[in-house]
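One structure, as structure tokens, below. Some questions next.
Each chain gets a letter, A, B and C, in the order it is written, and its residues are counted from 1.
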């Protein structure tokens, strides 16, 4: 029997339509990054759907997970959180129907919508037939709590790699062992022997992506910033949905070329001058990516850097000759230092240090903190972040409380109003 | 003449200054903002012109406030800047402005030149703002102007625990059914407002000698003022103008400054 | 002093025993959550004191640091800390037990200690989110490291013999609590849920030598033939969910004649679990750390353990039978994601499959709207009587 992958099919159709629309209606040199993303998305989803149709098993995974690991197997990885949020970005009413279903079933209204969307889809029997789910025990309570719905209520085999709180050699080693055990468990569940050469190839793709993103971020330091703000939300989607896959490399490569060209020619690529360089220490608005265009075009306030699109690690070295343990060690390290995991899962010092460094390096004029209702671990740190950025970088920080995946909590109009007020008042 | 109109979430406040006569306040008018603000503002302007017998060209108007963005009329001036200007031009103190609005509370730190150094507002929830106390007064069947009369009589203010205005309203109904004294409920509700303001004031941080300037609809409540003073050990004052008109006043003054700059 | 005076310790942060302890210049270490190895603190000659929010009245100070999405229980504890009510602490131990609690470490480090003339010693434990061998071994290492840090920072010697002695004391303490739990589930209970919570809270605020003495007196008191008993119980309730340290909440549940005969809360019955929740077989039970690992990790009933849901459900079902439960009160503090999601699963399973009626309550720490809650409980009791 064919696996149910309705949400993936819906996203594929939405990506095709959106791509057709923006390629047909938007002038060639406009919204290049968005176009690149949808080209990659369309291709990635098409291939995934073909593979699923061939009967390959589906692995559901968490966004903060090194999905390169899954390339050991002939399987199709799908990121749970990306599905919820791609729905909220691409469809008029987003994932709202699914959030409501989950809430009415008892999921707390304040729990993270990144998993809630998929919970709602499952309750509507419009789910993805995951053969197995593989996740870390980090970076937040929502990950820990919400995934128990999939394992306990839906009885989907769920493998957890326990991530320790300490990001030191003891912690990395522990987590590497956890990943190794996970591969063995996946091997048993999927009834496949792990193919570590495929893992190597996957890491090679990721290494290129890591290098390219580092260079993109170097270019984002330029004034004016050569990369559209929309890179923020779609960059997050790229990392989560294309991880360990060729589309990640292709996307970053294309963005890099665009950025290089803009810096080289110093050609104005948007109508509005860069007036204010904004740094987003946390996430962006995922439910409406037009917001980023508004920042760029109306306010001249590009997002020059953010925590989600900055890797605080380099490529895994000597990948061509590395043994299996070395590859897994490298992935364990990257996974624990992954954007947002690094800042959310462990002590807050690193969050503050990263924010201060990025704000300095990218010549930020201000910071905007999206206080996502799901992220209780960051909610406790907002005021401290505000004080630290003021003291150490001298920039003001605006906090906007919202649900990044549900426009009904704080509407786009309200968010814009707050940003506008901030620029009119302090900048 | 110069007119500043503050189109708030609940009320529209207008103030007219005679710029030729030391910026004397010649008129203050209030209307309701709910429904169709454009229509309400137009009516208010017509009333002002009628009362002052002014021709259209004799009254320069600027708009500000939470609800002014949907007006077709211009110019518009950012609300926080108006509040800052309103306090700066009506007080000599080193100040932190605490504005208790209909739906929003604003804490604004300004320097000696009136420039905004920092600000904070309550976020998505209207709890602790004007509408919160209105709902509670409605449930208790008392006039909002009477809150001080009741609150000062209270010996045991009953805390309102709900963080949400709507739940707080229900809570009040239960408290009444349980036989709690109205004065204790009102005092508890007022303390709930200061309880929302204090964290914001602490967050923004106070420098030595800074006083709090209380503005907005609830600024006239002596009970709220005293409670803030007691809890924060800080001097709390009202501006020399009617605190509910601070933003409108600042709007008029800002318009005046802009006009001068343009000249 | 009568045996029941011990219960009054729950209504104060500074009880008589603590006051005397401090007067003798002895040290007190505060901790959040039941998953902290207080045995090691005790063995070091200090008083392990579970941080709670007793008598907090508002969030005015805590809200200046936390957001509106934070748990009101943790917020209340912070408010008391900022009001200087916890100035008797020499140190604090925090673990990654939930997102709200773990951030208290960062708040101490980056704010409270920085602004204080007497910064306190901070300790952290990283605890696993899975029951497995790796987790057991990790906790063993954490305990060793914690012991070393404690010794170093506070200049105190802790040897294995002291830990063994403490283990005996703690084992006895758990047995005594278990004995009192038995009085709760009698057909005519000797004590109600309010009093059991008071005992548990008091027990977490004193040295265990003292606690054991008091618990033994209480047991004698409950054992007397003419001792207290509660007749005509309208319904026997089980209370599950987020942490509770305020007996007034249980008082509301018991207001209409129902009795909370079992609770499985981290502040209460979890201390007296009869059987291990999860157990690692290949470990030397002579290891002095063994009973500590078992208590703080193997018996961790909290939904933070990702592969522990079925074990938790089994224990709930077992307690339902033992305590002859008529209905369950599932409560969670607003913004508690762990218990929020766990309650969702418990509700579906218990009500739909097991048939046990459930009342689900969302609450804030500060009790305000008690009338509405009483009405809901009353309606629930009527439902139980009809069924």
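Here is the rule we go by: contacts are C-beta pairs under 8 Å (C-beta built on N, C-alpha and C of every residue); 3 or more make two chains touch, one makes a residue touch a chain.
What you are looking at is a predicted structure, and each value in this text was computed from that prediction instead of being measured.
Chemist: Applying the contact rule given earlier, which two chains have the most C-beta pairs between them?
Modeler: A-C
Chemist: If you average the CA coordinates per chain, which chain's centre is most distant from that of subunit A?
Modeler: Between subunit A and every other chain, the largest centroid distance is to B.
Chemist: How far is the middle of subunit B from the middle of subunit C, if each middle is the mean of its Cα atoms, in Å?
Modeler: Computed value for the inter-centroid distance: 45 Å.
Chemist: Counting only Cα atoms for the centres, state how far subunit A is from subunit C in Å.
Modeler: Subunit A and subunit C have C-alpha centres separated by 37 Å.
Chemist: Which integer distance in Å separates the CA centroid of subunit A from that of subunit B?
Modeler: Computed value for the inter-centroid distance: 41 Å.
Chemist: Pull out every residue in subunit C that's touching 2 or more other chains.
Modeler: Residues 64-65, 68, 334 of subunit C touch two or more partner chains.
Chemist: Which positions in subunit A are in touch with at least two other chains?
Modeler: 371, 383, 401
Chemist: Check each residue of subunit B and list the ones that touch at least two other chains.
Modeler: Those would be 123, 203.
Chemist: Could you list, by residue number, the parts of subunit A that touch subunit B in their complex?
Modeler: 371, 383, 386, 390, 396, 399-402, 409-410, 414, 417, 421, 424-426
Chemist: Write out the stretch or stretches of subunit C touching subunit B in their complex.
Modeler: 57-65, 68, 334, 364, 366-372
Chemist: Enumerate the contact residues on subunit B facing subunit A in the complex.
Modeler: 69, 78-81, 116, 118-119, 123-124, 203
Chemist: What does subunit B use to touch subunit C in their complex?
Modeler: Interface residues on the subunit B side: 123, 125, 159-163, 167, 170-171, 174-175, 177-178, 191, 194-195, 198-200, 202-203, 231.
Chemist: Enumerate the contact residues on subunit A facing subunit C in the complex.
Modeler: 105-108, 110-112, 137, 140-142, 144-149, 151-153, 160, 162-166, 170-171, 174, 177-178, 181, 347-349, 352, 371, 373-377, 379-384, 388, 401
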